[in-house]
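Shared chain: chain A. Partners: chain B in the first complex, chain C in the second.
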Partner chain A sequence: MPAQEIQPTRSELLEINRKIRLTENGHKILKLKRDGLILEFFRILDEAKDIRGDIAKRYSEAMEKIAVANAVDGVIAVRSAALAISCEPKISLSTRNFMGVVVPEIDSAKVCTPPEERGYGLLGTSPHIDLAADAFQRLIDTVIKAAELETTMRRLLEEIERTKRRVNALEFKVLPELKDAKRFIEMRLEEMERDNIFRLKRIKAKGREASG
Partner chain B sequence: MEIAVIGSQDFIVGFRLAGIRKVHETTSETIQDRIIQILESEDIGILVINMKEMERLPSALRERLEESSSPVVIPVGTEEGDMRDKVRRAIGVDLYKGA
Partner chain C sequence: MPIFGGASNYAYVCARVKAKKSFLLKKETFRRLLSMDIAEIGRYLGETQYRNEITALGARYAGATLVELGLSQNLAKTYRDIIDFSGGHLKELIARYLEFWDIYNIKTVIRGKLTAAPADEIREIIVSAGALKQEYINRLITSSSNEELMDLLRQQKVVKIDEEILRNAISTGKLAAFEDHLDRMYYHSLLSSIKEKTLSEKRFLEFIRSEVDITNLKALLKLRAEGSSGEALSQYFIPGGKEFRIDRLTKMVASDGMKDVIQEVRQSSYADYMRDALEAFEDEAEISSVIRALDRALLETSEKFSHLYPLSVLPVVDYMLRKKREVDNIRIITRGKESNLESEIIEELLVY
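Here is the complex of A and B:
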């Protein structure tokens, strides 16, 4: 608020005092929110930190296995085995609200199934296909876990950033401006008071002169 | 709900082998339309996409994928991802150091 726009009146001063109180309150609450978010973030950080690496590891492992299967059995055989798979991983997705951040919660039944229940003929295919399927099932397991963790991390980080920006805006922009305005009004009011006292003194002196 | 996989033939065949039914074979030209279709369908919980494909998408769509929570989009690949950078920006410290 630039100084020119402020009316140096007592009611304006009261208004500004009210605003300062409100801002300080909001600042305190936002700070608490930020700390809470960071705490929650640290709680899941350790798990989430490793999950990317796990995905990368499992992914290259799975890709390697399927390359072997492709080479040994031929691309067509692998593809037809893939088409015959009957079991399907099911998941259920729900959302949880943590301090205004909506994060997903994913429940999954076990993805891994033993080879004999997968649905393709064991005799007609080589063990390389089984290994590849195994590797991919493990990859999917990790991906499901990562889906929950990474999205939660992402949301939390966004919210932390937003909250931090708001805390800083209040602390370094809004609050100082309000305090400046308050000081300005107080100064002006004091100045006006001194003006008035001086004027009264002059009038009093004049009155004495006239009577004396 | 189900898991969906989108990507090239090589990418999806393995996931098909692990039992996922909703595999979408696409080329780089058709992938955008398919992704939008998947984002709008109700019964998909997780969308798996190749990280390299993800990086090639226009940034508006990529942002949409990152923000989507139903389905949750997970890029899979050998790259590290942008998490580290995000953490450094939000927290102010590189927490991944030494990990």
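Here is the complex of A and C:
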């Protein structure tokens, strides 16, 4: 706040003191929020790392299983079985609020189904195709879980960045400016106090001279 | 009621099938194929009984797809030839046995039609090895509505289809019950077409009942391996098995763990062909090896029966199974190489 805009009055000083208290409170809360978000971020990061590993593992398992199914039953039979599956994985999307950050919650229903509910007949389809279908269903399940975690991580990162900027703005700009303004008003008020005392002394001395 | 008239020509058909059997690739040839790349396998097959199909498809396809399509067309042609040169009751038995492919084609067409797959895509995966003619299958593929498709299915007399199950499948798009019904009907119709007049027909019936056992055991193992259990699952099994009747299978599917299931298999006559696979299953809980062992058990059983009754349908069925196995083994090698599977894994997948 430029010095010329500041009114060096007692009410302004009270107002600035109130602002400083408010800002310090806000700064403390934002720092707590930032630390909380960072802790949550690192907790999710560990989970996300695990789930990335899971995806890589499940992907290679699924690819191996489909390669075996293609080899043993032929691409023709695998494609024919795939044609029987007309339903797509159903997911329902909701949100939850974490420290003011809206993060997604993905509920994946009906991705992993038992062999009798996959759409093709149980008797005429080879077990290798079933094993491949099962491996891919597990992979999709893991991908959906990873999507939830990674979106949450991205949202948390954005919020951490925003909170950090606010904490820094309060710590390095708003609070120092308010404190400068407070110092300026106090200094001006003290100066005005000294002026008054001096003026009163001069008036008193002049009154004494006039009477004496 | 017999579909095909005339006398059965067992001697002629068995002699031709025996001659055809001598052209089947030997175990050492598969080992040689394992060390070749896909192009070399394609070239090698171009010099064998697969030459015509590989040459005809060579302009449109390449690599593993060329080999797989060539193999499946050759298999279909081989089966059609056998139906063509056989006669009478023998022809009927063979046609009934090959109804498996008619059912496979009907399933594929309905799957494709209900998922709105392009006609060319459906046509590509049809294996016309059964009694249904290619033109009829084409009409099914190009049918413009579900009603037309159902009318066409009603017109054919080869595969018996329950009207209500078909209508239900087409209207809801849920095909599992319909497909299982077709598979059950296949074995029902096959078992009822065997008259048991002669000893060889009795043995053929015994063999088909063994096949039912193996099909049921595969379904049971796959259900149990994926954690499904309960007596309700017994509805999926095919009646008419030789050693594994529905009540025995129901007990197995309702049992607590896989140990009881394996113990039951150990007590059957198929255990002789499956000893190593069952031991491996107990160590690693991997069902693929047990499934392959069941396939091997079926091949061994068919070979045993074919030697016992050389002038019957049994040598023909044995040849058809071995031909299918040859096609499967070549495809396993080619597709395995295409997917960069290790040679040891590919070799494990082969069934001789």
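Please note the rule applied: the second predicted complex is superposed on the first by the 140 of 212 C-alpha atoms of A that agree within 3 Å, B and C clash if a C-alpha of one lies under 4 Å from a C-alpha of the other, contacts with A are read in each partner's own complex, and residues count from 1 in each chain.
What we mean here is this: a contact is a pair of C-beta atoms (placed from the backbone, for glycine too) under 8 Å apart; a residue touches a chain by one contact, two chains touch by 3 or more.
Everything numeric here is computed off the predicted structure, so don't read it as measured data.
J.: First (chain B), second (chain C), both or neither: which does A:83 touch?
T.: After superposing on A, A:83 lies in contact with both chain B and chain C.
J.: If you stack the two complexes on chain A, which partner ends up touching A:74: first (chain B), second (chain C), both, or neither?
T.: A:74 contacts chain C only, not chain B.
J.: Who does A:114 touch here: chain B (first), chain C (second), both, or neither?
T.: second
J.: Touching A:175 in the superposition: chain B (first), chain C (second), both, neither?
T.: neither
J.: Which partner does A:92 contact after superposing on A: first (chain B), second (chain C), both, neither?
T.: After superposition on chain A, A:92 lies in contact with chain B alone.
J.: Can A:20 be said to touch chain B (first), chain C (second), both, or neither?
T.: neither
J.: After lining up the shared chain so the two structures overlap, which partner does A:106 touch, if you call chain B first and chain C second: first, second, both or neither?
T.: Only chain B; A:106 stays clear of chain C.
J.: Does the superposition put A:44 against chain B (first), chain C (second), both, or neither?
T.: A:44 sits against neither chain B nor chain C.
J.: Does the superposition put A:122 against chain B (first), chain C (second), both, or neither?
T.: After superposing on A, A:122 lies in contact with chain C but is clear of chain B.
J.: Would you mind listing the overlap between the chain B footprint and the chain C footprint on chain A?
T.: Residues common to the chain A contacts of chain C and of chain B are 63, 79, 81, 83, 85-86, 118, listed in rising order.
J.: Using the touch definition from the top, list the residues of chain B that touch chain A in their complex.
T.: Listed in rising order, the residues of chain B that touch chain A are 1-3, 13-21, 45-46, 48, 66, 69-72, 74, 76-81, 83, 86-87, 89-91, 95-96, 99.
J.: Mind listing the chain C positions that touch chain A in their complex?
T.: 65, 68-69, 72, 103-104, 107-108, 111-112, 114-115, 117, 121-122, 124-125, 127, 173-180, 182-184, 215, 218-219, 221-223, 225-228, 233, 236, 238, 287-288, 291, 328, 331-336, 339, 341, 345-346, 349
J.: Using the touch definition from the top, list the residues of chain A that touch chain C in their complex.
T.: Within the complex, chain A touches chain C at residues 63-64, 67-68, 70-72, 74-76, 79-81, 83-86, 114-128, 130-131, 134.
J.: Please output the residues of chain A touching chain B within their complex, sorted ascending.
T.: 38, 41, 45, 48-50, 52, 55-56, 59-60, 62-63, 66, 78-79, 81-83, 85-93, 95, 102-104, 106, 111, 113, 118, 129, 132-133, 135-137, 139-140, 143-144, 146-148, 150-151, 153-155, 157-158, 160-161, 164
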